[in-house]
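Note that chain A is present in both complexes that follow, paired respectively with chain B and with chain C.
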Partner chain A sequence: MIHRLWRPIRQYRVAWGFLLPAILGMFLVHFLPLVQLVGISLLDSRRTNLGLGLSAPAVGEGTGILGNYVSILTEKSDPFHLGLVDAVWNTILFTAVVTACSFFLGLLGALLLEKVGRKGFWRTLLVAPWIVPAYVVGLVWGVFWQQDSGVVNQSLHALGFLGEDRSLWPMWLSGPLTRWALILPAIWREWPYALLLFSLGLQTIPRRIYEAAKLDGANGWVRFRKITVPLLIPAGSLVLLHGVVYNAYSFNLPLMMFGAGSGNGGKQGDLLMPTIFRNTFQRWDFGRGAAATVVLMVGMLFLVALWYRVFRSDLEKLR
Partner chain B sequence: MKRSHWRRRGPRLFWGALVAAVALVNLMPLLWMVFSSLKENRDLQAGTLGFSRSQSRVVALLPRREGVLAGTDNGDIHLMRLESQGLVVRGTRAMGSWGAAYSLQEESLWVLSGEDGILLMDAGSLSERKRWSIDEIRQAFVDRLPGGVWADLTPGSVEASSILSVGEQVFATFRSKGFPGVIALDRKTGGLRFLVFGQELPFAIDQFLDLGKGRVAMVGDKGVVLWQTSNSRSTDQFLWGQDLPAERSALVVALDDSLLLCQRNHAEVFSLPGRKVVRTLDTASGLRGGKILAVTADERRIWFGTASGIYGIDRRAGAVQATQEDSLDLLPVEHPVGNAWMSSGVLGVAYSGGRLWMGGGQGEIAMGRIAGPLVMERDGRLPQGERTIRLENYRDLWQKMDFGLFLRNSLLISLAVTFLSVFLALFSAYALARLRFPGKEAFGLATLATQAIPGVALLIPLFMTFLWLQKSSRETKWFGEAGVQLVGTWWGVTLLYSVFFVPFSIWILRAFFQALPRDLEAAAQLDGCSSWGAFYRVVLPAVRPGILVTGVYVFLSVWDELLFAWVLTAEKTYTVPVGVRLFAGNYQTRFDLMMAAATVATLPVLAMFFLLQRRIIAGIAPGLSRR
Partner chain C sequence: MRKLPMLMLGVILGIGTLMGCRSRDTLPEGDGKTRLRLWAMPNTEGPKDVLDQILVRFRAQNPDIEVEVEIIDWGAAWDKITTAVSSGAGADVFQLGTTWTSSVTAMGGLLPLDGLLQRIGGDSIFVSSARSYMKPIYADSITSFPWFVDVRPMFYRTDVLAKAGIKPEDMFSNWDSYLTGLRKIKAAKVTLEGQRVEPLGIAGKDWNVFHNFYPWIVGNGGGIINDLGDSVLLDDEKSIQGVMAYLRFFREGLAPRAYLEKGAAQVSHEFDEGRIAVWQETSSKLVYLERPLREGGDNSPGARHFAAVLPPEGPAGRKLFIGGSNLAIFKSTRHREAAEKLLAFLTTDSVAVLAFCKISGFAPALEKTFQDPYYRENPNRVLFRDLVLSSKPYPAVPYWGDIETVILNKHFGNILDIAAGNQAKDPSKDKEGSFSEEAVRKELKTAAEQIRALIQREIQSNPANAARLARLRQVDR
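== the complex of A and B ==
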């Protein structure tokens, strides 16, 4: 028995030796906490028994072991529930719009880059916003969106779209417009990444395929549809995955933009990560915070699995 | 020939111009950020688009013997003297603190600022005599107050609210959430005391009024406290909505034993001994000119500054005894101070020794003498800053905020994490790319899967574990009295990040190892290297560009990390994102410093990108995400 376990370890001892530090670290920082997280989500751990930490009691009688989940998902009187429902819809809208717009803008940008010389130079300039830290984007746009002094409204005023009375100018940081106040800067930071991936994807397509198609009499549109699009699918799939994961977990951007650093964008501007963070680390409601996180992760797992199913065969080409 | 030339060049030029336009629009927010960081705060607050300068608003007028001290919204103090040709600026001191408060007692000018603390200055020379910095103020109280009230008090995290020097005492208070009282400073000893009003009803005081005879009225969010300085105790309290009107007024003036409570365009006289409103002044009783912007009183009249000028009404009309409507005495102003000159309204009025001083929103100062009617005598204008480009914002970032500390912490943590995490990932990435072992697929997939975990999923359990570690190690005392402190120290964050970014580094590095020629190690082993030797001597040097790229990606990610850093760092270990967030949260009026901080946080990484862009871009495709 021991021999059977020992043999693969002995046989591949070099490989296992090389892997040991990462496996150990990932076990402690990724795997173990995830198990703990599920455990915490079943605990009645809140402000009043914070000192107990991980040994807090399980969720009380009457609600069942899944009490935290039931509470945040269905309980009308739970403030966490109300905020979470808004945040879920806002996050879905935010992620979908940002990912879709970045995808198409990135594709257009990459195709445009193919038309000009000194591609590297222009690409570097176009990609710059992606390098700007997300918290800086939130901070800076938070100032740009100011109702009376922000450059957005001031420019609209200078162009004649807004009247003289500043109190009538659009309020970007409260009310329904908060959605767009979040979405636009997020696109600004995300689309260069799409452009970069598409641009790299285009470079892998050999010129001669296009030339052969040209000889066969295919016009520009047909060449785009029959050659460019299929060969860009791997790059496009990466753009989609990154867009969904990164934006659904968007935290720095809304946090710096809204509510004096609380990240609360209100009914139309609150996203999932800031909501969970506020409830967990400012109201010290660890049990329900963990439950919400588990729900979020399960949702993401589903999306990633779906993505993998759809693009599996295309990704084989990347290897 | 020419036509064919254009047929060839034309489209190229068109596409080139289009790309250039897109690039320009795309870079606009960044350029605007840098441009804004070089502007003066008052221009940012006014929202001017170009280089045009906006004038400073007068926020405080402190009359002196032969002139006036004028405080402006951007923290400048100007000493103006009455001279035959008008009001002349005879001295200026730029404090650079936005929204400071002032109080003048004889030749002592007391200044309260959220960045510098309490300053005592000489009113004649505007030189500083003594200073109680924010740090000193915090040190004086941090241990004595429960609930960590002062824990967040860092330079720039609070805003000056009000200061008043009365007799031997100076009262000061900051505007900040959860700041529950007043600092009392003893002028003789320089000692600081802390006054709290109401146990269950803490008053956040924001205005002090000198009622004479050692009495001070402190106006706050919950009501008004009467304070007797001679025996240092409060003698009475009035609450908004109970004794006082329900609507809280932003502008309160003392009239002997009454308070004048001003609302938008009406005012109420509240008698302190009678504990009730004894008179209401509104448009029917003679108020005019729209919203009341400033109020003061002389021996006979109350003066109202409004958007359209200044006017006075007879004080008896507002006093307790007066009931007759016709005793309202609207004073003619001979030389109108209003639409014509003070275009944005009279924002400050002050009375002293027969002279009425007025200040406007464009830096205008005027003096009138009250001899029957108000006769305007002199006027002048505060100087505009000369330069448009203000590099001082960057200096202030270091002086007014702890930005140097944040930057040092961020650099230290980011660099340490970059080295550790790439080092840890190197071996596994090599194994994953070049060696055969059972479970290879699974390990690769697990590495990738970690990238879809939200940070908060790991933060909640890790934070609780860290607290538990600290508590239990304290009990065993194996690691000293304090125990293992992973929360609030820089190495707690560093250790955590270093491992956190390992899978991400593995994934990028793996591709670089894969790209090496197939039989590199075999050749090395033929030359007598062990498998370790082959890795160390042959493979590692070959993969150096990959290490650089991975390091850059990890650095960028750590540089932009807010979630973990917020929870796991404390005051002395705040990184730039956390420090800037606190600054933006508590102190949203310093747009100039926020923009400068944003620029300093962006330019190094942007420069790094521009320098290494070719390699960074080459490394992007295997890196599925930057997180």
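== the complex of A and C ==
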């Protein structure tokens, strides 16, 4: 067994030598903190025993070793639990809508870019929102959404969608509309990234394939369905993966948009990361904060595994 | 041969890395002076210069002590202080938000100050409402001294009240007269300097969301938890009606609904710009409003026509929010005597306290400071002492921070979201985005249940706390 493992290492020892610092780095930076995170999630690590660090006692008697997990997932009187339930649903909706809209807008934008001249200029212009830091987007849109003075309601009023009585104008940062107040700026910031990836994907498709199909009498729609879509799957899969992971972990945008940086999005505007942050770091409740993070991480690992299973064959074609 | 330069490079990089990791716990001491580090938050403009200016006298009185002032941002302060407590590596003297004192004391990282308190003449030198955080409920010792307090007068537009025919002394007398006054302002449809003036400004879901509700809950005879911190009052009828009394301002249109989406700084600006007649804010607002034009003061309608007044009295009396900061010493200090001198100077030297409060606009915690003409002769500041004496501090229990930051701010934010909705046609149906008293009650009940569970867990998890609580209950009886 050892001999079988050792053989490829000996065979490619120079390559392994070059890889060793990276492997060590990955072990120290990624793997050890992950193990530590899981370890902390089993501890009763909180404000009162902060000084004990990893020597904090295991979760109390009667609740079992998984007490922190049970508490955050099932106990209705646990503030973490209630916040988590709202935040999970908000995050699922947020992630699904933002990823789907960014995907289709990015694809549409990339296809349109193929038809216009000065592609570089337009691409640079369109990618601009993506380079704005998320916390700046949160702050700026927090002002845009204001009921009485925000540019959104003012514009809707100027276009005739809203009447003169400002007190009847929609409130974007309170109540059910809060979800859209989060989703729209996130799409605004994210779709250019999808556009960029799809544009790069389109450039890798050889022109001669289209020309051959054209000679065979395939119309535009058939060429799109039979050539563009299959060959864009690798780029599309990356857009999906990035969208799901990035949006599920969204933090700066909701934190800065609500309550002048207090991050209080209310029942409809609270996402998972701000909830975990508040409960963990404003209360120093590391045990349950780590448990919530592990649950989120396992959920994300499941999604990434699903993604890999769905797109594996397409990704392997890239080799 | 090629190995040698690589080895040297490795050694240099290694030493560089280790030097980069060198602790900043201690300051160099080569000239025989004791060097102290003071951590303070930005309480004023140019906070470091202000403190250095105040410390000039201390340095003259104590030539053997050097003080290095470090300003830490409010957003990072909690992390930095609690990390310092648990690691034993921090400054010598540091500022502590009053509601943090119990938590940090419970972590066991603060130096007991009972001896120092005895030497300076006991706690009666501080105003009574600022004393509760000096020795938190579960603590055995005094662990901090009050430095300054954050109290919140009401600011009103003198010209608006005059135009609406309202006498301020009548309007701000009690909750009923206050409500009547606001309704009168609304009915008068006052327009001044080309702007329609709304009666009241209240901020929405920002950091202060719970502080704003609090006086209406306790003023109505309710509360959040009792003074011992072992039973929950939030779902009592008086507390619920206190919350409803506050929400009435939005529901009746006395405070614009749009303000539910604004933070305190934004609504404060609305007052300055002349768009609201009444606004409650921390006393430091006076520094801004009173600043003469030649010193960069404001010429806005708010600054030209304002006065400060005590908030109205509720059915259970005038019980107001009080915040502020204490000063404490880390147990890990190696300069106990010098640190105590510095802490005593900043908190009990009336010249130093007055100088700081004049610049920051906060009210002093040191009782004798109020005898200064600065407070006795100014019509707006004369009410500062009454504001301090009318305030009711939050219970000084270690878990108050958890209750406030996670449970109360969340649920009271949700309540403001409910208040923003249209009146529910059928209150028994919990329709998202609609307002009903039932929805508010439900939110308060959930918050109360969570606080109960949290208190139970806190007391159960710490047998020493349970024993102390039993003793305190006996004394209370």
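Going forward, the second predicted complex is superposed on the first by the 290 of 319 C-alpha atoms of A that agree within 3 Å, B and C clash if a C-alpha of one lies under 4 Å from a C-alpha of the other, contacts with A are read in each partner's own complex, and residues count from 1 in each chain.
To be clear about the criterion, a residue touches a chain if its C-beta (ideal position, glycine included) is under 8 Å from a C-beta of that chain, and two chains touch if they have at least 3 such contacts.
Note that this is a predicted model, so its numbers are computed, not measured.
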Overlay on chain A: chain C relative to chain B, clash or fit: clash
Touching partner for A:V132 - first (chain B), second (chain C), both, neither: first
Chain B versus chain C as contact partner of A:I205, first or second or both or neither: neither
Chain B versus chain C as contact partner of A:D148, first or second or both or neither: both
Touched partner set for A:L111, first chain B, second chain C, both or neither: neither
Contacts of A:M297 with chain B and chain C, given as first, second, both or neither: first
Partner chain in contact with A:F281 - chain B first, chain C second, else both or neither: both
Which of chain B and chain C A:K267 touches, first, second, both or neither: second
In the superposition, chain B vs chain C on chain A residues touched: B
Listed stretches 361-369, 397-405 or 451-459 of chain C, narrowed to the one that overlaps chain B: 361-369
Residues of chain A that lie at the interface with chain B and also at the interface with chain C: 53, 146, 148-149, 260-262, 281
List of chain C residues in touch with chain A within their complex: 78-79, 82, 85-88, 103, 106-109, 204-207, 209, 253, 256-258, 260-266, 398, 401-402, 405-407, 409-410, 413-414, 416-418, 420-421, 432-433, 446, 449-450, 452-454, 461-462
Residues on chain A engaged by chain C in the complex (per definition of touch): 44, 47-48, 50-51, 53, 60, 75-79, 82-83, 145-149, 166-167, 171-176, 178, 258-262, 264, 266-268, 270, 278-279, 281-285
Complex contacts: residues of chain A adjacent to chain B: 8, 12, 14-23, 25-26, 28-30, 32-34, 36-37, 40, 45, 53-54, 109, 112-113, 115-117, 120, 122-129, 131-136, 139-144, 146, 148-151, 153-155, 158, 185, 188, 192, 196-197, 200, 235, 238, 241-242, 245-246, 249, 251-252, 255-256, 260-262, 273, 276-277, 280-281, 286, 289-290, 293-294, 296-297, 300-301, 304, 318
In the complex with chain A, residue positions of chain B that touch it: 11-12, 15-16, 18-20, 22-23, 26-27, 29-30, 32-33, 36, 44-49, 424-425, 427-428, 430-432, 435-438, 443, 446-447, 450-458, 460-465, 467-468, 471, 496, 498-500, 502-503, 506, 531-532, 535, 556, 559-560, 562-563, 566-567, 577, 580-582, 584-586, 588, 591, 594-595, 597-598, 601-602, 605-606, 609-610, 613-614, 617, 620-621, 624-627
